[in-house]
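You will see chain A twice below: alongside chain B first, and alongside chain C after that.
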Partner chain A sequence: MTLTQQQPVRNPRKAPGSQPQTNDGAAARASHVLPRLIAPVALAGILLTFSLLSPNFLVPGNLLSVLSQMAILALVAVGLTVVVRAGGIDLSIGVALDLAALGAAALIADGYRAWVAIAVGLLFGLLVGAVNAALIVGLKIPPFLATLSVWFIGTSVQQLLTGGGAPIYLSTPRVPIEFALLGRGYVLDLDGVVLTAAIVAVVVAVLLGLTRWGRAVTVAGEQPTAARISGLRVNRLSVSAYLLCSLVAAFAGVILAARTNGFVPGSGQAYLMDAIGAVFIGATLSRFGRVSVPGTLVGVLIFGLLSNGMNLIGLSFFWQGLGRGIVLLAILLLGVLLARNSGRPGPFGRLFTLTAAPRQKAD
Partner chain B sequence: MNSASKTPLLAMRAINKSFGSAQVLADVDLSLDAGEILGLVGENGAGKSTLIKILTGLYTADGGIILIDGRPVSIDKPAAAEALGIHVIHQDRHLAGRLTVAEQLYLGQPSLGRGWIHSRKLEAQAAADIFRTTGQKIDTSRLVDQLTVAQQQLIQITRALLSEPQVLILDEPTAPLAAREVEQLFGTLRKLQSHGVGIIYISHYLQELTDITARITVLRNGRNAGDIDLRDGGTLDGVVELMVGRKVVEFDHARTPRNPQGDKPALSVRGLSVPGALEGVDLEVRPGEVVAVTGLVGSGVEVLADAVTGISKCRGDVTLKGKPVRAIADFVARGGAYVPSNRRRDGIFVRNTVQENISAASLKRVSRWLGFVSPSLERKLSAGLIEQLDVRPADGGAVAGSLSGGNQQKVVLAKWLATGPSVLVLDQPTSGVDVGSRSQIYAQINELVDAGAAVLVVTVDLEELVGIADRTLVLYRGNVVAELAGSDVTTDRILEIASGAVATENTREAA
Partner chain C sequence: MSAATLEESAQAGHDTPRRTRPALITWAGYGMVLLVLALFAIGSPHFLQWSNLASVLNQAAVFAVAGIGLAIVIITGGDDVLKGGIDLSLGAVAGLAGTVTAVAVGAGAGVPVAVLGGLVVAVAIGAANGAAVVLGLRPLLATLATMGIATSLELVVSENLKVALEGSLFLWLRQGTVLGLPAAVVLLLLVAAAAWWALGRTAWGVNSYAVGQNATAASVAGLDPARYRFFSYVISSLLGGIAGVLLASRLSAAVPGIGAQILLDIILVAYMSTVFSRRLVVNIPGTVVAAVFVAGLANGLTLLGVASQWIGAAKGVLILLVLAVVVVRGRSAAK
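On to the complex of A and B.
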């Protein structure tokens, strides 16, 4: 039962754009592959460590609850993957989530129908994406700064709209059943939110990996001028990436509102850092440091299993940040070291220098 | 003066190097005397760069020895090579774009005072150093990114010369340079030669080698193919034969002139202006003809192709088959194709496969319902073009960034051939491309033109232009000052006009 439920996160090794054949020797091939195995190996290491430390870790019930806890983070991280693939970053992704949750919760509280609340929630989130796109594509403000500004503004907007940050609580009898199902439904024994997140992840993965749009977004993110010369509408692609990112985050926000039966201002912020970590851990799975949905899900799993394991062995909350930081650092460090040994730039060499000139081939 | 009795300044003996199972160098020898300029040539992939990387400590040889002044030395890291006075000027310009010229020039040199740097004094000193070593003037307060390719190279050369090297290696130094800059570079090299510096000069431009070198070492497939001494009656034809192991006809000088098909221009440019570079350029390319534009660096020739295709901002009207072009997307949508000069940044997608590169401008053609890219359609499209252009390795799954320069350029061309372009604009199409790939690229261009395409080639390679252009426009200080056709098109004539050596009052003939 549990195995099938883990399916959506078990295909990272078959990353989209599967590995082209090279005519190098076996040793050379190993040195290409080794740095890309770090994240899967870390995941296996975490599974092994905690299953030894706690008898309650590697049991179906616990693993299912990990999936439930991670579903929202997975959605946010998948949204962020799109923007990073398109050569940008979105620090305001938590705001998109919050505003969507706020919109949906407020409308439900006012007695609107479920679909109206959901649609308005998604529109609120999309608005954030549209503002980002306008700033970045229209006004040419660097994505980091543009989305940082939007995050500041969005945080304030939430406070103002909720009368100084007062949470919205929905009383259960007044919540339409469709809305409640979105956050607390079960399909057989499986948390519906996990299923929803899996479906969204698959859709985005297919969009990025198999479609014309995904191909275009990827090259436009990596070499914008070359993409422009090839006739691709780079600006439109960029806008579409920010919109899709905020839409996915908004969907996560609506689900969060349904799940928690209300809205607490600023709750989206908690997901941003984990999502960034997960996306870039996922980038180590690609030999070009290219982010992908399967890679991101591996990163999300690493974070999710790590917190769960640390909780089970009774590690205090104050130590958990340390645990995460160490695992993240270890993965990054190994990536750097292995890349150095194999004599080629590692995935991290390029993460933040998306326009840097790549190395020349040995002639 | 008998070189046989002298101990060479640098000798490499029986150098071997393998990457995995592929042997890149097999028993390669090289010797260089003090005060000699040695030519080192070979097709892309012949092993030149690997040999140089071994000499400069970037790679370690699997076997063989390196002698300096007859003493064996160990060069296991770049610092060791520099300590021995071996300096290299790479083909790729490894410069920090966000530094000023002066900062870049002295980067890593401790002699600049303690902590507090007087930037204006530094800039003045930098300008003086650049002028002294290369004879050129550059505003040293500008950012490296703002310089032209030729100017960036000057910084590299000056940087290398400031450390007073014993052995100086230049890897394809003139690729981005126009004729006048080449002359200045040669002047600098001769000066160094007279001071006893040994120089290894790697170039695809064989014609240059006769001007600057006496002896040429030829590599083929990782082995010594032989040495040619131009003083002992060696010829360039001999060099080319050694390089490729066969005869190559690069230019068909005796070809019959093409007849443009129809009077309507396929590409028409009116009053094209780019501030500080171009001032009202007019040109027309008709279907079935090749028009070349050339000029010295600084004449506006560097920015012309970007302006025509709509990549960079400019004023003026560009029309393609009668329809206006305002941005590159219009240009491509109306059947235009553009092979840019910065191949690695703007030409190929370095992190994508050859196959993905070839389909990049025809994604609609290889897509099925809902915009899914069809791997089988994509493979079919690329396989034919890989064969047609002889891309090596002939593997659509190879990563484009790992190909040699010549093969990368073939991939860029293949991307456009896939779209069936009616107007093709090429900017420095064969810069850094080996002889074999070059003739294949020319053959493809000729085929396209015969099929009715209009081709605009922007090039500073005069041999290239003489070989393929039907009409040649010469730029001088941002203006088209001459139009040459037929037997007028000779490198001498073009050079005269481009360098402003002749009055150009009436040179532009009615087209």
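On to the complex of A and C.
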């Protein structure tokens, strides 16, 4: 993160062993491919397990409903992907979502047109991103702590704006049709929200993966010093990443408001944990341990199918957090362990582990 | 952050006159705290009454005990938040330990057995954290996952109901006094003194700082960073468990979901301790002062008639102020 940060080496007695050694080609290749297979295998395992346990799981109707349940989490996680790719983290992403939902719902309740409400909602969310960017890029406060305090402040702001945390409910006849369609429209038989989320995901994926901006953000996140020396405007790139993240989260918030026909304070932060988990599960898919939109969507799919399956087999809500936590821990740990057995920490070393030894090969 | 710290301490070692300047700024942290508390004392006549002060200290005890645990993790893991030491599961562990204790007492177990049960569960989660981190997972991700697990276990054990906690020990922790001091505060002082002594006066403590500041140098010098990191998470969870039992006795019940609420305060308290340090490192006395300050802030704002919604905002602004001070001081030291 900071340029002067001394990279801690976790266990240097292992470090010498991580150099060339005797890597026969096949074994080395296998150990490169194996960690990347964890997430797909986990996904297949979840599909298989629940389709055996419940007859209602692997049917088109149920899978479509999983998609529409996942849409908002997918949007939040896609937004978070941008910031993590730029080398940061955003714990206040739920605040951006909440404030956007609040802005949109309040304006609709006051009788404004749909586009005004949507625009103001997005602006509210962008405001959170701007505050984050100012703290992190301007004041150089570490992203984790800066966004943590924005989380505090944002929660407080929500309570102040809603008179102590009273939910806003919209009466259906007064909601403009455009706004209602945003949350509950159907395109043929497909939930409109799924389509919207897919479009946003594709746009962000193209931005990150195929454009010059995306490459610059990736470089600025992974090698800030090199990026600065080679003339990239690192600060500007970070700011744009935080703004884009909050914009996507705000869009999710507007959709949530339209979908639930109202606003409940503090509903956004519930997505944070799953979003972080999904983003980092997605990173195990990459050869470089790099987060990416497709990887994130695989992570979201794992969480979505897991929740749905656990509901279908009638597992109590109390146990579901345990299931999610164990799956998350198992996938991430396996990623680290399989990468470690390859002798060199390589790609995963950079993302997950504290080991900093053989960096030159990974990039 | 850490580089600036190293540089500052290096400078301090070379020419002694430099020592005086940072020392002055160090007092600014304490000065701020005293100023705010004085404002409360002027604004409300009730603030300085002993019963109110005792309740502030009682509240501070929970955050401080857990905060000391987090401080040890940060000291041993380094203070870079993304790669260094952090324990997000601490709040959930505190909640879980309190719930297990309360449920065990409710099921008829003896008080010592119940408390022991709560602490054993806490230590088990700490061991899981430590193992995952030592295996190479980032602390942020590992403790995020165990936080979900601990929260869920708490729901399973309590069935999402408030569990009343009764027993002479818990009553004593809530109301008892030793030499005029509330029992919880005495416990806090004991924990803080032990941690301060262990970190400042024993080889283990000095080595922990060494591992956290520069793991490479520490391992070249013959230390095994993995061992120190593992035990820092175990100790942290143990202290989190103690804080949970304290909290449950103060509320005379284990309240489900309280872990998520206290996590932010614990993180705030541990990081705020850097303000009270000449070398800008996380430390034990600073953690205790910060805990008292945060508890006093909530209490004072309430006494002044500020709506409770503002208190969260005040805390958020406070973290930012603290961090801004640290960053500015770090810059001036680096020059």
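For this structure, a couple of remarks:
As a working rule, the second predicted complex is superposed on the first by the 320 of 363 C-alpha atoms of A that agree within 3 Å, B and C clash if a C-alpha of one lies under 4 Å from a C-alpha of the other, contacts with A are read in each partner's own complex, and residues count from 1 in each chain.
FYI, contacts are C-beta pairs under 8 Å (C-beta built on N, C-alpha and C of every residue); 3 or more make two chains touch, one makes a residue touch a chain.
These numbers were taken from a predicted model, which means no experiment stands behind them.
In the superposition on chain A, contact of A:Thr225 is made with chain B only, not with chain C.
Which of chain B and chain C touches more residues of chain A: that partner is C.
Touch criterion met: A:Arg290 reaches chain B, while chain C stays clear of it.
By the touch criterion stated above, A:Arg233 is placed in contact with chain B alone, chain C being left untouched. Within the superposed three-chain model, A:Arg36 lies out of touch with both chain B and chain C [touch as defined at top].
In the superposition on chain A, A:Ile326 makes contact with chain C only, not with chain B. In the superposed model, A:Thr211 lies in contact with chain B only, and not with chain C.
Overlap of the chain B and chain C contact sets on chain A: empty, with no shared residue. The touching residues of chain C, when paired with chain A in their complex, are 1-4, 6, 78, 80-84, 86, 132-138, 140-142, 144-149, 151-153, 155-156, 159-160, 213-216, 219-220, 224-226, 264, 267, 271, 307, 309-317, 319-320, 323-324, 327. Looking at the complex, you find that chain A touches chain C at residues 1-2, 4-13, 89, 135, 139-146, 148-153, 155-157, 159-160, 164-165, 273, 276-277, 280, 316-326, 328-329, 332-333, 336-337, 340, 345, 349, 351-355.
Taken in their complex, chain A has these residues touching chain B: 17, 20-28, 210-213, 215-216, 218-219, 222-223, 225-233, 288, 290, 357-358, 360-363. On chain B, the positions that touch chain A within their shared complex are 19-22, 24, 44-50, 53, 59, 91-92, 309, 311, 328-329, 331-333, 338, 340, 344-353, 356, 360-361, 363-364, 367, 370-373, 393, 395, 397-399, 401-404, 415.
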